[in-house]
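See structure below.
Labels A, B and C are assigned to the chains in the order they are written; within every chain, residues are numbered from 1.
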Amino acid sequence: MSALPWVVFTPLAGALLLASIRRPQWAGWINVLVSAVTFLATLVLAFTVAEQGVLAVSMFRVDAFNVYLLVLTAFVGMTTAIFSRPYMQYVRDTGRVNRRGMRLYHAMFQTFMFTMLLALSTDNLGVLWVAVEGATLATVLLVSLYRTPEAIEAAWKYFILCGVGIALALFGTVLLYFAAQHVIEDPAAGLSWSALHAVAPQLQPSIMGLAFVFLLVGYGTKIGLVPMHQWLPDAHSEGPTPMSAVLSGLLLNVALYAVVRLKMLVDGSLANADTPHLAGYLLMGFGLLSFLVAGLFLHRQRDIKRMFSYSSIEHMGLMTFAFGLGGPLATFGALLHMLVHSLTKSAIFVTVGHAAHIAGTQSIDHIRGLIRTQPTVGWGLLLGVAAIAGFPPFGVFTSEFLLLTATMKTQPWFAVPLLIGLAVAFAGLFRHLHPMVYGAVPEGQQPVPANMLPVAVHLGLVLWLGLSIPGFLARWLDRATELIAGVPLL
Amino acid sequence: MSLEQLPLLQQLMLVLAAVVLFTSFALLEQARLVAAIHAFAWQGVLVAMVTAIVAASGGLAHLFFSAALTLALKALLIPWMLHRLVRRLELDRHREPLRRPALVVMGALALVIFSYWLVLPLVQQELLFTRNIVAVSLAVVLIGLLMMVIRTQAVAQVLGFMSMENGLFLAAVSATGGMPLVVELGVAFDVLVAMILFGVFFFQISESIDSLDVDRMTRLTERAEDDS
Amino acid sequence: MSQAGWGLAVAQALLYVALAPLLAGWIRKVKASLQNRRGPSVLQPYRDLRKLFAKEARMAHTASLVFRAAPYVVFIATWLAAAAIPLVTTKLPTAAMADVIVIVGLLALARFFLALAGMDVGTAFGGMGASREMFVSALAEPAMLMAVFTLAMTAHSTNLASVVDYQLLGDNILRPSYMFALAGLVLVAVAETGRIPVDNPATHLELTMIHEAMILEYSGRHLAIMEWAAQLKLLLYGVLLANVFFPWGIAEGTDPAALGMGLAVVVGKLAVLGAALAVSETVLAKMRLFRAPDFLNLALLLTLLGLLSHVILEVGA
C-alpha cells in the first residue's frame, strides 16, 4: 500500500468534507490541513519512486517525469492554501463573497487539486482527458465567484473556449485509440500510455500525426498557446487571487505535461515516417508564436493581473518551444523552467493580490509607491518580477540560459527571436513595474495585514535553484530528461 | 467492401449516421430554441441507436450500456434540463433567425467536405464496417463548433457544445467500437457536470446583463481597459 | 420484336395521357373525403376536359402567335418527358431516350413557354404568375438536378431505365443517398407541380396564384390542353418518385403477364402517392411566397446531403 492513493484521494475526501461544512472559519484551516497531508504524501511517494523506479498500479503510473510535478503541485497547493486562508477571510469580511460562495470556493479548491493530481498520476489517456476537463469545470465557478459582469464574462469565455478545445482533444484521443486498436489486442489497454509507449513504432504514422494535431490544439488551448489563448488573461485576472495563483502556476503545467506525454508517443510512431519531427516542429511553431505575441501584448496591459497572465502565456510558450526543440539540454531546461516558473508565478500572484488590496484596485495606473507603503510587498513584487524576467541569479535565468544554449546548438537562427522576445518582455514588465513600486504614494494608502511567508519561501527556493541545483533534484530532472528525450544530460 | 455486400444492419447504421448529420444541420438553422432542443434530442436518440447497432453487430456487450447511457443523458436528461431552463428564463417564444442562412449552410457543407478530406487517409486503412462514419462524426463536431461561433444566444451555444459531444461519441463508437467503460463513464459525468454548470451560468449571465445574448458581454477587451 | 416494342412505347405514352386526369380526380376525391364531403367523382376531370374542348376558345386581341402555340408546346413537351419515364416496363425502345437531363430540359421548355404565355397578353396577373413561377423553379431546379446526379452517380448512368434496373438488381439495399434524394425530390415535386404548400391549385385569389395566374386568359380547348398538361406533369412526378425509388413490381420484359402486373402495381403505387399528397395538402397550410425559398433551400440541402453521403458513406475506399 503505497502513498499513491493518499496523494490522489486525500483532496477528494477534503473536497467532500469542505462541501458539507457550514462554518467558513474552519474551512480555511481544513483546507490547509488537507493540502499539507497531500504534500507529505507526495514526498513519501517521491522517495518510493526514487528507490523503486517506476510505480505502476492499475490505472496509475508514477515515473520520473510526473513525480516531481506531483510534488510541485502539492507544494504550491499547500502554500496557496496557507495564503488563501486569511485572504479569503478578508474577502468574506468585505462582503464580496457570501457564505455559500466560501463553501463553494473551498470545496472546489480541493476538487481542483484532486483533478490535477489525478491527471498527473494516471496512465490512462482517457482518464487524463476526463481529469483535465474536470479541472476546467472545477474552476469555472470560481472565476465568476465575485459575480461582477466582468467576472461572469471571463468565466463564460473560459468555459466555452476551454470546452471547445478539450472537445477537440477528445477527438484526438479517439483517433489515438483507433490507431492503438490495430496494434494492441486488449481493448482496455489501448489507452494505457505505458502500453502505447512500448509499441509506439508500430502505430500508424498518418493517424498519429492527425491525432497529435487535434491533441495539440485541444490541450494547447488549456496551456494558453496563441491563438487559443483568449480566455487566459480574463480568467486569470478576474478570479480570486489564490485561484489566479494556482491556475497560472499549476494547471498550465498539467496541460503541458499532457502534451509532452503525447509527443513521446507520436515521436516513437513517426520516427520512420516522412516527417519524423512533425510533433517537434508544431510545438516549436506554437511555442515561439505564443512567446512573441504575449511579449508584445504585455506592453499594452493596464490591469496588473492581466499583465502577469500574459507573462504566463509567454513562459508557457517558451517551455513548449523547448520541448519541441527536443534533445537533452532543452528538455532539462524546460523541466527546470516548469518548476521555477510555477513557484515564481504563484508567488507573484500572491504579492499582486496584496498590492491590489493596498491600492484598492487592479489597474496599473493607480497602484503606486508600494515599497514605501509596505516594504515587504514592494520588495516581494520587485524580486518576483526580477525572477520571472530572467534576472540572474534566479532559477529562471538558469533554465532560459540552458534553453538558449540548446537553441544555438541545434537551430541557431531561432535564438534571435528568442532573445528579442526576452528583451521585449523584460522591458514591458519593468516599464509597468517601476512606477508601481517606486512611484509617488497616493493619499491615504495604508499597509494591510499580509502574510508574505509563502512568497518568501517560493522566491527563496527559486533563488536556491538558480544558485545551485541540489544533487537529488538534478538527478531527478535528469531521469525525467532521459525518459522524454531518450538521452540523459548529466 | 461495397455497399451491396454489407449486411442490412450495417446499412441501417449508415442511414442513421446520415440522418445524424441532417439533424446537425437542422440544429444549426433553427430559430426557435425549443425546436433546436428537440432536434438535439433526436440527434441523441439516433446516436444511441447507432451505438446499439454497433454493439449488436460487433458483439460488444458494454456498448449496449453506453447506448443506454447516451439515450438517458443526451436524449432525455439534458434536453429536459435545457427545456426547464428555457422556460424559467422565459425564452421559449424567443426567435433568433440566422442572419445569413445561405452562407451558414454553405459553410457547414464545406466543413462536411473538409472533414471527409481530413479523414481520408484513415479510411485507406481498412475501417471495419463503419467506414466513413468517422468523417460524418467529425463533420458533426465541426458543425457544432460553427454553431457555437455564429450563435449569440447562450443557450444556442450550449446546444452547439453538446452537439459536439454527440459527434465525439459517435466518432468513438464508429472508429473504435467504443472507448473503455471507465473513460466513457468519466466523459458522461463530465458532460453532465458541464450541463449543470451551464445552467448555473445562464442565471448568472441573465442577472448580470439582463439577457442571454453573449455578444453583449464585451467589457473585457484590450481597448476599453477600464478598472472596476 | 422491335415493332412490338415501338407499339408498346406508343401504348405507354397514350396510357400516360389517359391516366393523368384520373390521378387528379383521385387526389380530389381523397381530399374531399378527408373534409367529410362526398366530392366529385373520380372521372370528373375527364368530363371537365370534354366540356372545355366543346367550348369556344376566345383570345385577347393583343395575343400573339406565342399565346396560341403555347398550350400545344407545353403539352407536347410534357408528354415527351413523361413518355420517356418507365411506367409499366423498362424494356422499351424509348428507354434509350430516357435520359434524366433530357427530361429536365423538356420540363424546362414547357415551363418557359408557360411563362411566356402568361406574359404575352400583358395582363397584371399573367406577369405576376410568370415571375413567381420562374422564382420558384429557379430555386427548385438545382435541387432537382442534385437529386438526379445522386441517382446517376450510384447507377453510373443518367438513363432512367438504367437507374431503375440498377435498383432492381441489388436486393434490399438501404442507401442514405437515395433517402435524402427522395426527400428532396418530394419537396421539389410539390413545388414544381404547384401543390400546397407552395401553390394552391384550386385558388384564384391574386395573392396566392402561381400556375393559375399564368393560364388565367385561356379558354376552351386551349385551357383544356393546359389543364391536361398540368395533370400530366403531376403524373410524371408521381411515376418518377414511385418507379425510381420503389421500382419493385415493374415489368422487366414485354410478356403480357408481367405487363399486366406492372400496370397494376404502378396504379397501386400512384394511388398511395396520391392519397399521401391529399393528406399533406389537407394538413399543411400554404406558405407565404417569401417563405418559398426556405422550403426549396431545405430541398437543396437534402439533395446535397444525399450527394455527400453517397460520396462519403457509400463509395468504398
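Observations on the model:
Going forward, a contact is a pair of C-beta atoms (placed from the backbone, for glycine too) under 8 Å apart; a residue touches a chain by one contact, two chains touch by 3 or more.
Here the structure is a predicted model, which is why all the values come from computation and not from measurement.
The most central chain, judged by C-alpha centres against the centre of all protein C-alpha atoms, is B. A centroid comparison over C-alpha atoms places A as the chain most distant from chain C. Centre-to-centre spacing of chain A and chain B amounts to 31 Å, using the average Cα coordinate of each chain.
Averaging C-alpha coordinates per chain places the centre of chain B 38 Å away from that of chain C.
Each chain gets one centre point, the mean of its Cα atoms, and the points for chain A and chain C are 67 Å apart. Across the interface of their complex, chain C is touched by residues 1-4, 8, 11-12, 14-15, 17-19, 21-22, 25, 101-102, 105, 109, 112-113, 116, 123-124, 126-127, 131-133, 135-136 of chain B. Within the complex, the chain C residues that touch chain B are 170, 172-177, 179-180, 294, 297, 301-302, 304-305, 308-309, 311-314, 316-317. Taken together, the chain B residues at the contact with chain A in this complex read 118, 121-122, 125, 138, 141, 145, 148, 154, 157, 161, 164-165, 168, 171-172, 175-177, 179-180, 182-183, 186-187, 189-190, 193-194, 197-198, 200-201, 204-205, 208-209, 214, 217-220, 222, 225, 227-228. Per the touch definition, chain A reaches chain B in the complex via residues 59, 124, 126-127, 129-130, 133-134, 137, 140-141, 144, 147-150, 152-157, 159-160, 163-164, 167-168, 170-171, 173-175, 177-178, 181-182, 187-188, 190-191, 204, 206-207, 210, 234, 238, 297, 300-303, 361-363, 366.
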